[in-house]
Amino acid sequence: MKQNLLLFTGFSILIMFAPQLLSGGYLMNVLVFVGINTMLAIALNLLLGYAGQISLGHAGFFGLGAYLSGILTTAYRFNPWVAMPVAAVVVGCMAGMIGFPILKLKGHYLAMATLGLGIIIFIVFNETVELTGGPSGLSGIPNLQLAGISFDSDVKNYYLIWGFTLAVMLFSLNLANSRIGRALRAVHDSEVAAQVLGVNARLLKVQIFAMSAVISSLAGSLYAHTMTFISPASFGFNFSIELLTMVVIGGLGSVYGSFLGAALLTLLPEILRGANDYDIIIYGGLLIVMVMFMPGGLVRGIPALYRKVIKQKGETGHA
Amino acid sequence: MQFDQILQYTLSGISTGAIYALIGIGFSIIYNATGIINFAQGEFVMLGGLLTLSCLELLNLPLWAAVPCAVAVSTVVGVLFERLAIRPLRQPTPINLVIITIGGSILIRGLAMLVWGKDTHTIPPFSGDTPIAIGGATILPQHLWILAITLIIIVINKIYFYHTISGKAMRACSYNRRAAGLVGIDVRRMVLFSFIISSAMGAVAGIIVAPLTMTAYDVGVMLGLKGFCAAIIGGMSSGISTVIGGLILGVLESLGAGLISSGYKDAIAFIILLLIMFIRPQGLFGKADSERV
Amino acid sequence: MNFKVISFVTAAATLLLSATVFAAAPIKIGALFAVTGPAAFLGEPERNSAKMVIDEINKAGGVKGRKLELIVYDTAGDATKAVQLATKLIKDDKVVAIIGPSTTGETMAAIPVAEKEHIPLISCSAGSKITDPVKKWVFKTAQNDALAVGRIYEYLQKTKQTKVSILTVSDGFGASGREQLKSQASKYGITVVSDDTYGPKDTDMTAQLTKIRGSHSQAIICWGTNPGPAVVAKNVRQLGIKTPLFMSHGVSSKKFIELAGEAAEGIRLPSGKVVVADLLSGSDKQKKSLLAFVKDYQKHYKAEGDHFGGHAWDAVMLIRNAVENGADTAAAIRDQLEKTKAFAGIGGSFTYTPQDHAGLGKDAFVLVEVKNKDWVIVK
Amino acid sequence: MLEISGITQIFGGVTALDTVSFSIAKGDITGVIGPNGAGKTTLFNIITGIYRQTAGTVQLEGKDVTGFPPERLARLAMVRTFQNIELFGTMTVLENVMVGMHTKSSSGLLACALKMPWSISEERRIREGAMKWLEFTGICDLADHTAGSLPFGKGRLLEIARALAVGPRIILMDEPAAGLNSQETLALSLLIKRIRDLGITIVLVEHDMELVMDICDRIVVLNLGRKLKEGTPREIQESPEVIAAYLGDDD
């Protein structure tokens, strides 16, 4: 418990002073996206890593948050701070309602159903042109403002997004180590045993599905207000898959793993930028190699690697 | 609403659906033998089409030689993929396997982009493109090719899985991999076999649609997705129910586009699929099996 | 006295030094193209053309003794990346102007960055809303969809056809075209009798076309980019539809004719003049630019230059001209761009004013038809 | 306490259970025995709401609970253990038992995630309660081990501790002695008696006749899906038809 708190405090301090340590500029902008993706990866991880339920449609909830925020603030002149929770509540309720029938499905049927859900949402973004602007997107979404500060620069957005991201991390860490988190993991390990002990697996799954959707929606709203422009292409099937990859590469069932996965997959294209058309090949190859050599994800693979290196050093030192 | 319009929608749907079915069967074969949902399945469809193009244009082979050549090369890619990426995996959890196949799919697509560029290409139809009238509707000779080849492949599948030793062994693996291993079936070989069969089938699907739909390095994504859906509607079977799954999807899309709204046609297809799954969570053709505790 | 001499010498030396340094430093121009991803058919020729023309300029000694340096990033057609990379170009690479992005969606996403950082952005995408309303720092070289639609409708009006069916792709390009097709129809006395769409990756459009066949329209207008329209052309032929088929400028390249094969014959579409460069009359002001572009592209890439590449070519040339006129900062380049008058480029003859940052008139498009696997101008 | 009447279960044409009825008295240890395939586990699965029977009713403390899902039965203080112990393998021993306290706690998702004061104190209570049950079963020292790494015998104890944490009035054990050595079996029989001394009614399916005869107050014999006989261990041991059907074939 104490360790957890210490780790989180350390992580927060690191995040807080990162802008001072780094040269700023474009990197700040990338780090803003690392924050948003971390939130999304944690949301999916709650579902996949803790409750063991796959979703191939999470980009849809992300998009719903972004579009609801965008539409409410542009067409209906809502204050962004009001639009954000409204969007989250609406998305949460939708996920809750769809969750009951959809979470009855198991394994690849669930994968397929969530995939279908994501595609349906995507098509709706594309087709309801009057509301969403269709494929050409929705522009002119206002920045968030707080106490006279408008969050319109990368550094300001960095603090805004990471404030939310840290809150989501703390929220999820607490949840994981609570009766609900334990019940979720229990359902994952043996659903029937958990039920016999009085855990309402179905309700719990729906709750966590809804919670996951709410966090995704929040990330979507923040995305909309920092980008000020959104278009359906950002919320398609590919992004759902990318989120899944972040969670698995980072480490299932680990909040810090989600951060590592999100950071790696967001920074990787930046690092590979010089490789031009070869970047897609390197990216694909890296995914394979990562899963092959770090099957437990970065969060378990890095310490193992570290131990290995230390051990080797020790051995050569003695010899 | 005229009858010949409905007929045209249905015919169009069936010919698109047959392709989904072929790709879907490829998904099912690998899934049954290995438990893997192979997200790289669509890439073999792409390889089939583009390799045929290269055989025709660079090697100047006639079509009858280009097709087996392209299928063979795609199969080699499938074997390499299984050998280099799937087999060495230390913790083959289902989710890790999913990520591996996603990685593989990106990798293969990237390589194809380098080899063939980003342009769309087309290959000539097998036997001309003079439309054939059926009732008030028309189809192309290529559609007949598609239906015939789909049919042949299903028959070959049936014979293989029910009347050959290795086919039966593969079915045994799909029921229970551990038990199959215990009775002396070389499970890893069956895994390899499943990749050979399904990459070859994917390639065939890619070749026979290319004259109609054209082909490019990125066609595998969408076709793979639809094939995946067909397989799931069919309950991940490697036989007729996946074919029906594919046809249902194809016809739903076509009718949706024609009768309701072309913009929402994929959404309509997916909504109907979701409803089917809500009513029958074990799949359209799956049998309800109770959990054993 | 002594002091004055020293200070004079120092000042002169500083000036001289800075002048030489200045002359040596290249002018950095950023570019955002969708080189990969679904819009690669735009991004790739754009990148190729931009690189080509920058090379040529530098080989010829640069502009006013200064070289141009082009920094290209691939957005993969993703709006998020476009914003990120626009920021990167401005903050890390310190460019004085940005060319691109390739698609309307990406451009709309990148505009706030350019506006805030005060860097001129010359978009290579067609959406009318990019420059309508006018934004201080944003220009575009791609012809507005509105002009292309106008070309088709003018022709229909002339030939007294009033009922059209439209079939548009459900991406940014198709959506923008669909909007224009519907909004301009009444102006030309045309009614849209059926309105359908298809997905960018769809492989069969017979369902939509069967529906259109039943709608008894006098013309079908399909708005999309390869390969969709080629499938549409084939499907139209399959279904035996005899209604005249029109396409958009999105497929005005040889590639389309190659893909659609026989089915392309007789299809008409509005196009930039690049595909019919050699058929233009000698009096056409653009002819010189067009022929040079086509020849260079063939030499560099062994491929046919198309008007997408032309958008990037125009953008680079516009910046070059601004630099030629003495601008070397972002603000000065913007001001010079706005003064561009009758620059005969690939996309048309550009004249920017403070009220118009699109710069093209209707003459940017000609109506062409596919005949014997090649383009001819429809009179 | 538990009233089973007319339970019939048909699996695809095969009758697994045929109108089985019996009742279990409060505070008793009741053994359900019978040869393999007699339908014992199926009966357990029906009583605990995992299968839905073809016909028949189950009454718990006078309340009709036919068709209740397992989680609802747990709230009515009925819990069970499994033949092949079903532990939460990735969680620690202590956490396993803490899951057992699920129905004894009520903090919702938001309260947990936001660490509301009441959820913090509840968490403390859960931890203390779970430790108490680990002490009761004598596996306190394993609290921080991963459940998946436990030897089978310890796993069995953990499963019982976890079931007890639910605070049951009736507990159903499916072959608790299966896979245990003789020493462990002896300890188990003592543990079961101690559980009974807490006032908890116990029903067990068991093949180990020595254990059954030693601890059970009453025994129900099933054979081929039908109830063959019901009575005290002595009556069962002396019943000729039971001996014929069951004990006779054995040894």
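In order of appearance the chains are A, B, C and D, and numbering begins at 1 in each one.
One rule holds for everything that comes next: contacts are C-beta pairs under 8 Å (C-beta built on N, C-alpha and C of every residue); 3 or more make two chains touch, one makes a residue touch a chain.
What you are looking at is a predicted structure, and each value in this text was computed from that prediction instead of being measured.
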Central chain of the complex, centres being mean CA coordinates: A
Centroid comparison with chain B (C-alpha atoms), farthest chain: D
Result of counting contacting C-beta pairs for A-C and A-D, higher pair: A-D
Chain A and chain D: spacing of chain centres that average the CA atoms, whole Å: 41
Length of the line joining the C-alpha centres of chain B and chain C, rounded to whole Å: 38
Mean-CA-position distance for chain D and chain C (Å): 74
Junction residues of chain B, two or more chains touched: 113, 263, 266, 291, 293
Residues of chain D touching at least two other chains: 50, 82, 86
Multi-chain contact residues (two or more partners), chain C: 36, 170, 197
Residues of chain C defined as touching chain A within the complex: 35-36, 73-74, 77-81, 83-84, 87-88, 91-92, 104-105, 108-109, 111-112, 116, 127, 129, 170-172, 174-176, 179, 197
In the complex, chain B residues that touch chain A: 31, 37, 39, 85, 88-91, 93, 95-96, 98-100, 102-111, 113-114, 225, 228-229, 232, 236, 261, 263-264, 266-267, 270-271, 273-274, 277-278, 281-283, 291, 293
Complex contacts: residues of chain C adjacent to chain B: 36, 38, 40-41, 44, 167, 170, 196-199, 201, 203-204, 206-208, 210-211, 214, 226-227, 230-231, 234, 237-240, 255, 258-259, 261-262
Complex interface listing, chain A residues touching chain B: 48, 54, 101-102, 104-106, 108-109, 111-113, 115-117, 119-120, 123-124, 126-127, 192, 237, 241, 244-245, 248-249, 252, 277-278, 280-281, 283-288, 291-292, 295-296
Complex contact set, residues of chain D against chain A: 48, 50, 69-71, 74-75, 79-80, 82, 86-91, 95-96, 98-103, 105, 107-109, 112-115, 119, 122-123, 126, 162-163, 165-166
